[in-house]
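By letter and in written order, the chains are A, B, C, D and E; residue numbering begins at 1 in each of them.
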Amino acid sequence: MGSISNLLEVRGVTKVFRYGLLGFKFKAIEDISMVLEEKPLIFTVAGESGSGKSTLAKIILDIYRPDKGTVLYRGRDIYRLSSKERLWFRSEVQAVFQNPYSSFNPMRRLYSYLYETSRNFMKLKNIDADPEEEIDKTLRLVGLTLDEIRYKHPHELSGGQLQRVSIARALLSRPKLIVADEPVSMLDASLRVNILNIFREIKENLGISFIYITHDLSTAYYISDYIAIMYRGWIVEQGPIEKVFKDPKHPYTQLLLESIPEPDLSKKKEWLQPIKLGGIEEKEYIAEGCKYRFRCPFAFDKCRRTPPDIKLGDSGIVVKCWLYEK
Amino acid sequence: MDRTQYRLRYGVTTSALIALLAISMLMFITTVPQITEAQLPLPPGVPRGDVLVVENHYGTHSDPQNFNYLVPGRPGFGASGFSQVCAGFLWYINTTNSQLISWLAAAPPEYSDDFKTMRVYLRKGITWSDGVPFTADDVVHHIQMIMRTKGMQGNTIFARWVDRVYKEDDYTVVFELKEPNPRFHYFLTVIIYGAPYQAITPKHVWEKVDDPLKFKFYPPVCLGPYTLRSVDPGGNWFLWERNEEWWGTKLYGMKPAPKYVLFMHHGPEDKKALAMARHELDAIRTFLPENFEIVWKNNPYIGGWRKEPPFAWPFDPCVKGVAFNVLKEPFNIREVRLALRHAINFKEIYEAFRGPDGSLPTTSALPVVRTPVAEELYYKPLMDKLIQMGLDPETMWWKYDPQLAEQYMMQAGFKRGPDGKWQLPNGEKFVVRITAPSGFEMESQRIAFLVADQWRRFGVEVVVEPVEAGVFSSRWQRGEFEVGAFWPGCSMLADLTPHIQWWNSKYFDPQAPNVGWANYDFPKRPELNRIIDEMERLSPEDPRVVELARQALLIWAEETPWLGFFPTPFYTINDNYVWTNWPSYPDNYYMDPVYWWAQMLFIILQLKPTGNVETKEATQPGKPPVLPIEKPERPMEKPRETPTTPMPGAATVTVTVVRTVEKAVTETVVRTTAVTETVREVETVTDFTVAGAIGVVLLIVGLAVGYLIRGRRT
Amino acid sequence: MSGYPETVMEVDRLRGGYIQQRGDTQVYVDAVSSVSFRVYRDEVLGIAGESGCGKSTLVKILYGLVKYPLIVREGSVFIDGGDGKIDLTKVDDDYKKRHVWWRIISYIPQNSMSVLNPLQKIKDHFAENLRIHMGIDKAQAYRRAVDYLLDMGLQEDVIDAYPHQLSGGMRQRVVIALALLMKPRVVLADEPTTGLDVIVQRGVLQNLLENQKRFKSSLVLVSHDIGIHAMVTNRLIIMYAGKLVEIGNTNDIISDPKHPYTEALIESLPKLGDKSLRKGLGGQPPDLRSPPKGCRFHPRCPFVMDICRSREPPPIEINGNRVVSCWLYK
Amino acid sequence: MAREKARLNSQLYRIYSPIRNLYRSNVKFRVGLILFIAIVAFGSLSVFSPPDYKFWYSLPKDREPSLESIDMLLGTTSNGRSVFWSLTNGIINSLVIALITAAIASHLGLFIGMVAGIRGGLVDKTLMFLTDTFVVIPQLPLLVVLAMLLKEYMTFPLMAMLISITSWPWPARQVRAMILSLREREFISVAYLSGMRTSKVLMTEIMPHVFGWHLINATNTVLYAIGAEVGLAILGLSILSEDTLGTMIYWSMMSFGAFFRGIWWWVLPPIVVFIVLFASLYLISVGISEYLDPKHRRWVG
Amino acid sequence: MIIRYFFVRIVYFFLTLFTAFTITYILIRLMPVDAVENIIAQMTAQGQVYDPAALNELRQQLREMFGLTGSPIEQYMRYLISIFTLNFGPSILSFPTPATELIMRQLPWTIGLLTFSVIISWVAGNLIGIIASVHEGSRVSKILQAIALTIYPIPYYIMALVLIFLFAYLIPLFPLTGSVTIFEEFTIDTVISIVRGATLPALSIIIVSMLGWWFLSSRILTLNTLSEDFVEYAVIRGLPWKHIFRKYLMKNILLPQVTALGLALGSIFSGAILTEAVFAYPGLGLLLYRAIANGDISTALGIVTLSIYAVALATLILDLIYPLIDPRVRYK
C-alpha cells in the first residue's frame, strides 16, 4: 500500500501494445513512476505524439490496464476496486479530452451528459441538491450558463464552448483530480488561454489537482507546477517546472525547449540553427539501450547497450540519462 | 481536365474489346456447319441421320466409365443404353401381348414336375462382341459368381433359391432349386426394364477378376447389336456404335438402322422438351404434360402411344395415390381411412390430370391397374361388392360423400372443433402430414397437393412436405411418415400372387416396415395370410389363384390401407423427323413405347430412317426381330413347359384390349402387328366365350409379366 | 531585401467562397472577401489566422484549384509565368495542368499523411512527375528522382520506402521535396507542420526555408501559429473572417501589432518563462453565412466604435508596406 | 439573430425525426422508400385474399390476365390458381422470411461482434474463431444440408433462422472492427467517467453509432434472405405449399415449365417484384449510408 | 517476426479447418437419408420377394462394404484420418469407385468453368464499374447502374433459361448441353466444342456477377478512392488524368477487389449447383447436391472437405501474401 498522503502514485507502469493481427509487441510506456502529492497542483506530462503520454493518461483513468506495475489512488490500487469503489474512484478522478467534438456523442444533448454525471455521483456522495442548480453553478464556473446549452447538441457549439462544457462535466462529480489530455490543442490560439485560465482558477479556488497532458511546452509552463517529459514511452526528465525549464538536464528536454516557436524575435536566430531529425520511429521503440541515442549528440557507447537508470538530480529533478551518472 | 478525352480513348479501347468479342462470337457461328448436327457429341463427319438420340433419364453419371451394374446401389442401368443395346438377356416379355421372347435362350424353360429343376437351352452361334462364343459356361459362371459374391445384385435371390447350377452341355444349363418355385424363370426374364443380374456376363472377362464388386467392366463386352464407342467424361452421354459383326445379323438377318445410338442427358425436363422440339432428341422416357405441350406446339413430327392425340400411354403399371402409415395413430383406425377416402372429390383430381391433348388417366380404385384384362378379371366380378362398399360406378372410384365421411369420423371418436376443423378424440387438432416427392415424381407431388386441398375442404388440417428422393426413400423404407404420396400399387400380371405376396405377415420386418410394397403387418386379418399362403403354393395358371386374389382384394378394399387413383398418363414421346416406324397404338403396335426398358432393343431393331436429314451409314432395318424356337430334340422325363409359352389366340386378347380401350372403333377391322411368330391379321372377335377361356390362361401369362414392374424408377 | 522587390504574384480584390446546399436553397458562404496583396520574389510570406478565417480557401484559390462548391466571385490572381502574367482565375484546368501547376506554382497540402499514393514508393512519385512534366524516359526519370532526393538530404531507405513507412516529419519533407521538384517560382504551403511535434516542425520548416533560399523562390506559408511566423516569415498577413486585417513585415507586426485582433492574438500566447495572467479573446468567430455588418471583428473588439458597427473599414496604409484594416487608424 | 436561428434549427432537428430528414434530403432514399412502400402496399392486398385462394384448380388454368375479376387480374396458373393472390401473399411471405432473417442475423452478428469487441480477450478470440469457422464453410451447401435436415419442421421462422446461420459471420466481423475503433473514441471514456454502467454505455453511446450501419446491414440481409429463399425454392427446399417469391418461381418454372410454355404472367411477376424490391432496398441502403456519411458512400454487402 | 506470424496463422488455419470439418461432418451425418435403406428399397422395387432375415443380412453386408459400421466416434475418427489422406472411401452412389476419383473427375470441369467465369466477370465488372463511376452522373453511368440493379437480383437459374432460350433455341449458336464433346482425338475441334459448350453456362454466371456484384462493389470503391486526398493531390500535382486513373485509381481499387477475387476463387470448389443443373454441366455442385440428397456420405464429405480446404486456403494465402501486394500491411 502506498502512502495515504499521496493523492496519486504511479508505480513502475508498463503497457505493451500489439501491432497488427498477431505478434509484434512494443512497449507504449515502460516502467513509469510518478507521484502526485495531496495538494492542489498541476502536473504536466509533456512529449511528442507517440511518446506514450496519452496511454499514461488512460492508464491513470482506468481505461487501459497496465501489463506491469500499478496505480495507487490515495493508497488504493485502482485496478482492485469493488464496483462501488470504482464508482467512487470515477468521481474522484475525472478527465477532459483533446477533441471536444468527439468527447460527446453527437446524437445526444449536452445537458443529458451533465445531468447524468451529476445524478450518478450526487447519489454516491450523498449530496442533496437540485441537479439543475448544481449544473448551472458549475457551468458558471467555466463561463457558461445552463440556459445557453440546455437544448444544444454538440455540433451547435464552438470548440471552446464545448471544452468548457467538458470541464464542467468533469467538475460535476466534485473530483480531486482531473486528467486533461491535450485539452487545448484543438482550440484557436486566442481561446486557448481562456481555458488554461479556467484550470488555474479551478486549481486555486476548488483545490483540484490536474494532470495536464500536452505537447505544447509554453502552455505547460503557463499553468503547471511540475513536469514530466516523455520520450518513446519513457519519462526522461521530471521535476518542478521552473527548474526543468531553466536548467534542462536531459539532451531531449534541451532540444525540445529550444524548438518551441514563439512570437519572440530574439529567439529566431537560435531556432534556425539546423537540427538533425530522427529516422524511422519503429526502430526507436524496440531499440536496446537508450531510446534517444539515435538523435542524441552526446551518445556514447554505454547508451547503445544499456538503458539508463533513473537518476535523481539535485533539487528533486529526475533524469534518465547516462550523462548524469555519478 | 482531360477526362473527356480520356473517356474517348477508353471508349475506343472498350469498343475494340466489344468488337473482338463480337468477332469471336461470329467465329463460333461460322464453325457451326449444320445447326442440329453440331449440337450433338458425334464423331467428326457423322450426320444427324445416322444417329438415334435417346434420353438418358438418370442424368449426369458420376462415374460413366463403370459398366458393372452388379454392384449394389448402382443406378442408371436403363439410362446409359447398356441394358437396351449391349446387354444380353435370356428372355424378354412383350408387354403388349405377354409373349415370352426367347432371346439368348433357344426356347422357354423346362421345369420338372415338382418345380424343383429348371432346364435352359441356349442358342447356338451367338458370339460376344469380342468374338468369343457365348455358351452355357457364361451362364453358369454368371449365376455362380452372383451366388458367391455377398452384396452383389441378385445375390439374395439366387442364394435363396438356387441349390446348384451346372451345364449339361455347351448349350444347356440346369438349375436345381432349393424349394419348388413355378415362377423361378421370372428372375432371369426381362419383364419390364430388366434387373442388372439378368444380363449375362462374359465368363472370359469376369473369371480373371479378383473382386467382381470392384471391377468396372469398361469397355463393356456386349451381346447386343451395338458396342460402346465413346462416353462423356462428364457423364452426360453414351455413344454406341453398330456392331456390324453382330450375331443377330449373321444368323437371323436382323440389323438396326441407326449407325449410332446416343443416350444423352440434356438437363431439366424443359430443356429436353426444347431439344425434342429441335429434333435433337428422338425418344424420351416421359414428359410432364406441360413440357409435353412445349414439344407438341413446336414439333409437328411427334408421336406417342398413338400417332395422334391423345398421345399418353394410359397403362403405366403403377397406380399412383396416397398411402396411410397404418402403424401410426390415427391412421391405424379403419374409419379414419375410410372417412378420408370419401372426403375426396375424385372428379377434381381426375380432371387435373387431363392432358393438354386430351389424354386421360385410367381410374383404378383397387391396387391393380384397370387394364382391359384386369377389368375383366377383377373389377367386373367384384363390382357389386365394391359398390356396396362405396364405389361410385360413374367415376369408377369411391364416391364423394362428405356426410358418410363425417359419420366415419364420428365413429372413430373425432369431433369438429369450434373452428370447424377436426379434432382427435383426445381433443388435439387433427393434422395430416403428407410426405411427397420433391424434384422427382412430379405427378405424385401434384397428387399430394390436390389431396391436401380436398381434405382441407373437409376440415382437416393438412401439411404437405415434399422431400428429396433419398430422404423420401429412406423415410418410406423406415415407415417414418404419416401419409405418403407415391405409387402404392403396381400390377401387370393377371396372377396377382407376386403383388400381394407382401401383404403376408411373414414378410413383415419391424425394422423396415416398408410400406412401398405394403410390407406391413397389416391388415391383421389371419384369413389374408391364409389366402396368400395358398396362392404361393399354386401354379400360376390355376384358376383358383384369380379367385383367391379377388378375396384378397376385397379384404383390401374393406381396409383401404391406401388410396390408389390411377396410373398417371405417360407422355413417352418420340420424334418421327429423323426416325420413324415407332410402335404406336393401334396401327403399328408391337411393343410398348417405353424407352428406358430393355425391350427398347426391339424398337431400335425396327426403326426406319425417314430421309428428312442427311444420312451416311444408316441403313434400312433388317429382318424383324423374330427368333425361332430352337429347342434340341431330346427326350425329357415328363417335360413340363412353363405357362408362359405362347399359345394360339394371343392376338385375341390383343383385340380385346383394342375393343375395350377404343370403343369408337369396336366394329371396325383393326390391323395389329404382333411381334411374335404368330403374326397375323385378326378381325373383331365376337365369340367372347372362346376368347375368354383362352384369354384367362393367356392373361395369367401376360399379367405375370407385370410382376416385376413395380420398380418403375430407380 | 534590396531595391524594389520583384512581384511574382498579385492578388487583386479577390472574393470567393462556397456554395452550400441547405434543403432546396443554396447559401453562399463568403470565405475570402476582397483580399488584395502581392507576393514578391525570394520572400516568405506568412498568412496567419484562426480556424475558419479563410486562409486555406485563399491558398486554394491562389493555386487555381477552384472546384465546385468553391467559386470565385470577383477579383483576379495574376502570376508571373516568366513570359507574361497569367490570371489563374480565368484560365482553364487543362492549361493550368500543362503550364502552370508544379512548374510555376506548387502546393504543399496540410495533411501529408494521406496525399501520397500508398501503393507507390516515394521515388515513383518523383519519377512520374519528372516523366510527365519533362517528358523524359522512365529510367532517366528514376535516376534523376533519386539524385534529386539525395540532393534534398533524404536517405536512400526513405527514397525506396512506401509512404506509410515514413514518420510524419519525413513524409512532410518528402512532400516538400516533391513541391520543389520543378523549381517553381511560388510555393504555397498550407499548414505544412500541423500535427507535427515541435522538434520535427522545426526541422521541416528549416528544410523548407533552406530550399526557398536555394531556389530563390517565393514561399507562401499558411499557419495559425504566430510563433512559426515569427521564426520563419518575412512578411505576414493576418486574416480574420475572410478579411485581410493586417499586412506588413513580420517583425513589425509581432513587435507592434496595430489591429486589435492581431494584438489580441499575440497577447493571448503564453510565453516560456512568463507565468503572468494572460487574457484571451472573448466570443466566437462569426458565422460566414451571415457575417456581421461593418467590421467583421466588431462584436469581439475591445475598442469598438459606432462606425465599426455600420461600415466596413478600408485598407489603410501605414508607413510603407504596412496595411491595416481598422477604423482606429483612419 | 444567428443564435436564435441556430436555436430554432436545433428545435427543428429534434422535432423532425431523422428518417424524415433523410427522406427530405436524399433522393435515393426517397425513391427507394416509395417503391418499397408500394410493394408492401401491394402485398398487403393479400389480407383480402379469398379463403380458398390456395386451392388448386379452383379457377380455370392458364388464363391470360384479364379485367373480368380480381382473381383474373394477373391471370391464372397452370394449377388453376390466381396469380394475383399468389403474388400478394408471396410478397408478404417473402418479406416475413426476410424480415425475420434480418432481425435474427443482423442482431446475431451485432451481438456477437459487440460482445467480442467489448469483452476482448478470450471471449473475443473464441467468438472470432467461431466466426472464421463459419466463414470457411461453403454457404449454399450448408444451407442445403440444413434445409433438408429440418424440412420436416420447416416454417417461415425456421427458414429465416437457417438463412441467418449463413449470414451472420461477416456482419459480426464488421461490428467487431467498428466497436474496436469506437472503443478508442473519447466519448466512450467520457460516458464511463460520467458514471454510466457498461450496459448503458452500450445502449446510449455505442448503439447510436452502430445503428446506421446496422440499418444498412439489415437492409442488405433482407435482400440476401429473399435471394436465399428463392435459391432454396429452386432446389425445392422452400415451403412449397406456401406462396413466396421463391415458390412461385419453383411452381411456374421448375414444376410447370411456364417459361418455355410462354405463361409469362406467371413467370414475370415474382421476378419483377424481386427486382423492384431489390432496387428499392438497395436505394434505401445507399441513401442511408450517404446520409450518414456523405463522403464515403459505402455499401456494405 | 515473419516466421512467428506464419506459424501462428497456420496453426489458426488448422484449428478453423478442424472445427469447420467437424460441424459439417455432424450435419451431414444427421441427414435423414440412409443410403443402405435406399438401395434395399431399390432392390425390392425390382420386384423380388425377400425374407426379412435375408434383408437384414444384406443390410449388414452393405454397411460393411460402405464403411458405415462402427460407433459414431469410430466413424468420426475415420473421417478425421481421411481429411489428411484425402481418401474418403468408396462412393456409395457409384460404388466401388472411390469418392476422390469421382471428385477428381468433375473437378476440371468445375474449375475450368468457374475460374474462367469468375475471372472474366471480375475483370469486366471492375472495368465497367470503375469507368462508369469515374463518370458518375453521366447518362451511361446511370444506365449501367440501372442495368446492374435489374440484373443483380435475377437468379442464375432464370438467367440461364433466358440465355438457353435465346442462344440455344431461337438462335442456335450454342449447344443445349454444357459438356458436349467427343474425346477420341484431341483436336482444335475438341477445344472449340468444349468452349462452345461452356459458353452459355459461363455467360449466365458472368452476366449476373459481372453486372451485379463486381460492378456494384467496384463502383463504391471507385467513389471512395476518388474522394481520397492522394487522388486530389495527384490532380494538384498536374498529373494527367490517364496517369491518375492507372496508377492511383485502378491500383487502389483493384487491391481490395483482389481479396474478393481470391475468396471467390476459393469458393468455386463447392460448384454452382443451379447452373450445372440447368446446363447438365458436369460439376461438383450438382454432384454434391446429389450426394447429399442420396446419402452418399463419402462423396458429400469429400466435396465439402475440399471446398472448406479451398476457402480456408484462399484466406490463408491472402493473409500471407497480402503484405506483398499491399505495402501498407506488414507481417507484424
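Here is the rule we go by: a contact is a pair of C-beta atoms (placed from the backbone, for glycine too) under 8 Å apart; a residue touches a chain by one contact, two chains touch by 3 or more.
These numbers come from a predicted model, not from an experiment.
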Message: Applying the document's contact definition, name the chain pair with more C-beta pairs in contact, D-E or C-E.
response: D-E
- request: With chain centres defined as mean CA positions, report which chain is farthest from chain C.
  value: B
Query: In terms of CA centres, which chain lies closest to the overall middle?
result: E
Distance from chain B to chain A - Cα centre to Cα centre, in angstrom: 89
Query: In angstrom, rounded to a whole number, how far apart do the mean CA points of chain A and chain C lie?
result: 32
Query: Whole-Å distance, chain A centre to chain E centre, using C-alpha means?
result: 55
Field: Centroid spacing, where centroids are CA-atom means, of chain B and chain C in whole angstrom
entry: 91
- request: For chain E, jot down the residues that touch at least 2 other chains.
  value: 31-33, 161, 165, 240, 293
- request: Two or more other chains in contact with one residue: find those residues in chain B.
  value: 1-2, 268, 270, 274, 439, 468, 471
Query: Do you know which chain C residues sit against two or more other chains?
result: 97, 165
- prompt: Can you name the residues of chain D that touch chain E in the complex?
  reply: 129-130, 132-138, 140-142, 144-146, 148-149, 152, 223, 227, 230-231, 234-235, 249, 253, 259-260, 271, 274-275, 277-279, 282, 295-299, 301
- line: Per the touch rule above, chain B residues touching chain D in the complex are 268-270, 273-274, 288, 290-291, 293-294, 348, 351-352, 438-439, 442, 445-446, 449-450, 452-453, 456-457, 463-468, 471
Complex contact set, residues of chain C against chain E: 63, 65, 96-98, 100-103, 106-107, 109, 111, 114-120, 124, 128-129, 132-133, 162, 164-165, 178
Statement: Within the complex, chain D is touched by chain E residues 12, 15-17, 19-20, 23-24, 27-28, 30-33, 149-150, 152-155, 157-158, 161, 165, 213, 216-217, 220, 223-224, 227, 267, 269-270, 273-274, 285, 288-289, 292-293, 303-304, 307-308, 311-312, 315
- request: Provide the residue numbers of chain E that touch chain B in the complex, in ascending order.
  value: 31-35, 37-52, 54-58, 61-62, 65, 91-97, 101-102, 105-106, 109, 127, 131, 134-135, 161, 164-165, 168-169, 172-184, 189, 192-193, 196, 199, 235, 240-242, 245, 277-282, 286-287, 290, 293-295, 299
